[in-house]
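So, here's a batch of structures to check.
In the two complexes below, chain A is the common chain; its partner is chain B in one and chain C in the other.
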Partner chain A sequence: MNFSAKQILGVAVFLLVIFVGVPMFIAATGRWDFYFTLTSVALLAIASAGVWLTFYIGRINIGQGAFALVGAYVSAILVVKAGWSFWISLPAAGLFAALVAVLLGLPILRLRGVYFAMITLVLTQVATLTALALPITNGAKGITNIPLPSGVSLFGLTLIPDFGQLENTRMAFYFTACILMIITYAALYRLVNSRLGHLCRSMQQNEELASSIGVNITYIRILIFAISSFFGGIGGAMFGSISQSVYPATFVVKDSVDFMLNCFLGGLGYVFGPMLGTLLIYFGWDLLFEFGKYQLLIYSTILIVVIRFLPDGLLSIRFGKGEKK
Partner chain B sequence: MSALLQIKNVTKKYGGLTANNDISFDVAENEILSVIGPNGAGKSTLFKMISSFVPTTSGEVLYRGERISNLKPHTVARKGVVRTFQETTIFKSMTVRESVVVAQHLRAKASLAGYFWGSKTARQDVESFGRYADELLEFLGMDSIADELASNLPQGNLRALGIAIGLATDPKVLLLDEPFAGMNHDETMRMVDLVRSVRDERGVTVMLVEHDMPAVMKISDRIVVLNFGEKIAEGSPSEIQNNEKVIEAYLGSADDEIGM
Partner chain C sequence: MEQILANGVYLGSQYAMIALGLTLIFALMNVLNFAHGQMYVIGGFVTYTFYGQWGVPFVLALFMSCMTLAVIGALIEKYLFAPVIKGSSREESTMLLAAGIAFLLDALILLVFGEKQRGVPKIVDGVFNWDFRLIMPYDRILICVLAILSIVAFIALMQYTKTGRALRALAQDRTAAQLMGVNVDRYSMIGFALGAMLAGLVGGLLVTITGINLGMGGPTSIKAFMMVMIGGAGVISGAIWGGFILGFLEAFGLAYLSQYGDITYLLIFVSLMIFLAIRPQGLMGKPWG
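Then we have the complex of A and B:
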């Protein structure tokens, strides 16, 4: 793990901006709603990181919304009906989403290209319909009044304060989401640059050749899809906790498509691409609001232009072709 | 003669079409055996069955007495029987060195999690992979192009890269798919020497499928000839050159194509 001074500086600046710069900016301008916006960006970026990972094994995944929804429901049910602490329900939600991914992945990951994309596109709709039909998810009414995350203390030492007692819940959620996002991307970076990442690259480039050198492509595909969905589940669970409610329409097909677009826009060749993509898509959409009925038209045109002229994503302008950050 | 690889009554049918019919022969340890035959004779199908890329309809392939047909390709590779591909099957956006490093993953001692956390074993693995990659590329005379992207390589080097990737897995048997196709005389002769040294210096048994007759005659210890999915002859290069059935199978193409 050798990092250049430039990389360390980049990470330091990034951390400074999100943990010091943003809170100072918000305090100065009084735009407290920004916390909610940026928290959403951080959580959506976590789910997008998962989608990016499935791209890394050469699969177009338009089904992350399904796993985010699964994660949101699992966490909500565990907290509301089983009385678990949110902090335990969070990894449980991720693991459950990963388990679902393994079961679904076994049959569908054999498919390639557009066929896999089509199946995953349907998944989100299936998840929504399942949430409507099952008794435990409470149908269309969803699960509401989810209590805020409780505190965690160890030997009398408060590790995480009770969110219900906090004056500034928004800021607490913002910090939590940012920390989760940083852990996610650090893990993703490490994964991509370790042996598993190299095996993924070999599979992405040529599955036949990869299996001829002994790569168990079925196993790695399932493993990656599970990790990807784990991220989706975590993002979704946290999202549910912040909005204190989960409905079948909390994550819909459009969200799944957005997760994919975040990756495209940021750049599939860069680990941090989906993070940038999420930020730009989320804010870009809002900024175009003043164009009224032309909002969608302008938004789509910009996306098409970007994908047409920058197929390697926006980060390719900065880093050049093939180089990795 | 100890048979390392035994092909026993292997048959492949695609619907009504029989690609391979009841083919049997042995490959001895440390020999170079070529499978030849006119287009459509079923050479490639046979190759794919040996490496378990397609299942057999009946019959089996044994490696050291153990069945390796009708498994998964990666399982067969792990046992030490590794195939190469024709030049288009490469890791396009990896460099030569990266390709050879990734192909060594079967030798990894550390687990995937060990790599994630950067355990000591994993770091030792990474170091030894790099060293072995350098050594292998030097052996293959590819050290000067180690940092080239595979997609930028000319055809001749791509074939060598395929062999480098195959060798990096530390195979006992290397199955080469048309290693001389599209090469000029000089390139072919260099490749013949290379394949020989793979056998002589690394103790790898080589089985290859090829069209280039002069090269096959030069390189092979033994030759198996297929025609219309059937084995019609087996023997040393000189036996094959004088075999009437073989000459008949190739009739219609010029005589010198099977000879020198």
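Then we have the complex of A and C:
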């Protein structure tokens, strides 16, 4: 993997903006609520990255809300009922979501196209229903009063401070979410530009053909679905920790559809598409809040106009049509 | 038992109509119409406005529901779906468009009709009572009969008219239909309008029983997706099977499982997954057609 100077510069500017530029901007303008908005964007972008990855093997995934919900509940239950540290529950939530994805993926990944899209959509609804029905999730009351993440220290050296004792929790969450997001996208970029990425592209084009030249498509699609759901679980768990509560309605069908829209809007051909899409959709929605009851009307009109004139996503403006990554 | 079976037929007939519209649009355009539930809600509100508020006869109100939705469907197809299908390099783009349209229709419903639950006066009074073994209000029976008649009419339209033949040809093979001289653009629009019209018709019929509110759109779409998956996407007989199967499952679930809480849909979904693992194309569907 060789990076051009332009790419390195781009990443450096990006890092500078989110870790220095944004905090300075917020300190200057006093809009502390932006921290929460941007943290949400970062976390939703992690989950959207998972959706994008399933698109990469040619599957339309509208079930990320289910895995985000699973992640949020696993982390919440481990922290509240088993007394685990949040930082251990976070990967545990991701792994559990991935395990669920493997079990569900075995049957449903055999479906394709619209069938897969429909069943994943139904899956989101089922996750909500399951959360309502199971005793461990507390039903509609949900799990509330989740403690803030505790500190981690190694050999007396504080690696992560105790969030409960920080005076500025929002900023801490913002940085955590951004770091997680960067790791996610770095991993995604690495994956796409690896041998596995090539195999995924071959599956996106034609599964039978890929299979006939010796690609183990069953293994790869389950692996990709598991990774995708891992991202969903991580994003959901972190989200639960920030809002300090999880309800069955934390992630619903609307969120699953939003995750899909994020990927589409940014452009499915670009690794960083979902990040841009999430930022625009989330911020756009927030900014339109001033329009009151016309919010949804304006939002959906813009969305329709974008897809009408830029069917391949926003990033396709810069790169020109037809050119694929 | 008789009661459960009757409920199953009643639910199934409505569900089959919803699924028919969705499957028709899917078969013709390869579009998963997310906005189907919203179209159903609009149909309900139009009937509510005409019949409930302005006192227009019910049949006329139903007709207005159908017409409104047919026009909306035709416009959406002509100005949104058709250009996007032509211009996009990936066919999934239509899903984003469909989702956007679902939001747009939700917004319009909110602005035009408000967010309140609306109902209309009963169209017929009285309850059919057979020895307390089978109790069914007359209006439900009437709606059920009307729904089944509409399904029969729809099948007749598809089988015996020129339009129906063109639509079936289009669903079978778009290119071949075009080569045989079918005006593809025009019939796509007609097909979409017909699918939307069916959604509006169900909405208009059901507003007399369950009423209508803004939040009913999304869940209706999800149910329609499940029915289409059971029966097989893009197949008319599949949609009818799917609708009745889901209707019966729901009727039985409500009768026998309600004491365990709200787990009917959980079980339906689990069985659907097992079913699809064995038969991914649904009951009637062609494998990856």
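Observations, loosely collected:
Convention: the second predicted complex is superposed on the first by the 320 of 325 C-alpha atoms of A that agree within 3 Å, B and C clash if a C-alpha of one lies under 4 Å from a C-alpha of the other, contacts with A are read in each partner's own complex, and residues count from 1 in each chain.
The working rule: a residue touches a chain if its C-beta (ideal position, glycine included) is under 8 Å from a C-beta of that chain, and two chains touch if they have at least 3 such contacts.
Every value quoted in this text rests on a predicted model; they were computed, and no experiment measured them.
By the document's definition of touching, neither partner reaches A:Gly292: not chain B, not chain C. Contacts of A:Ser211 after superposition: chain B is touched, whereas chain C is not reached. The wider contact with chain A, measured as residues touched, comes from C rather than the other of chain B and chain C. Of the two partner chains, chain C is the only one that A:Ile108 touches; chain B does not reach it. When both complexes are overlaid on chain A, the residue A:Arg195 reaches chain B alone and has no touch with chain C. Within the superposed three-chain model, A:Val253 lies in touch with chain C and out of touch with chain B [touch as defined at top]. In the superposition on chain A, A:Gly30 makes contact with neither chain B nor chain C. After overlaying the two complexes on the shared chain, residue contacts for A:Ile60 are found with chain C alone; chain B is out of touch. Overlap of the chain B and chain C interfaces on chain A: residues 322. Residues 26, 30, 32, 34, 80, 83-84, 87-90, 92-93, 95-97, 99-101, 103-104, 106-108, 110-111, 218-219, 222, 225-226, 228-229, 233, 261-263, 265-266, 269, 272-274, 276-277, 280-282, 288 of chain C touch chain A in their complex.
The part of chain B that touches chain A in the complex is made up of residues 51, 53, 72-74, 77-78, 82-85, 89-94, 98, 101-103, 105-106, 108, 110, 112, 115-116, 118, 122, 125, 149, 165-166, 168-169.
Touching chain B in their complex are the following residues of chain A: 1, 187, 190-191, 194-196, 198-199, 201-202, 205-206, 208-209, 211-218, 322.
On chain A, the positions that touch chain C within their shared complex are 55, 60, 104, 106-108, 110-115, 117-119, 121-123, 125-126, 129-130, 132-133, 253-254, 257, 260-261, 264-265, 268, 293-294, 296-297, 299-301, 303-304, 307-308, 311-312, 321-322.
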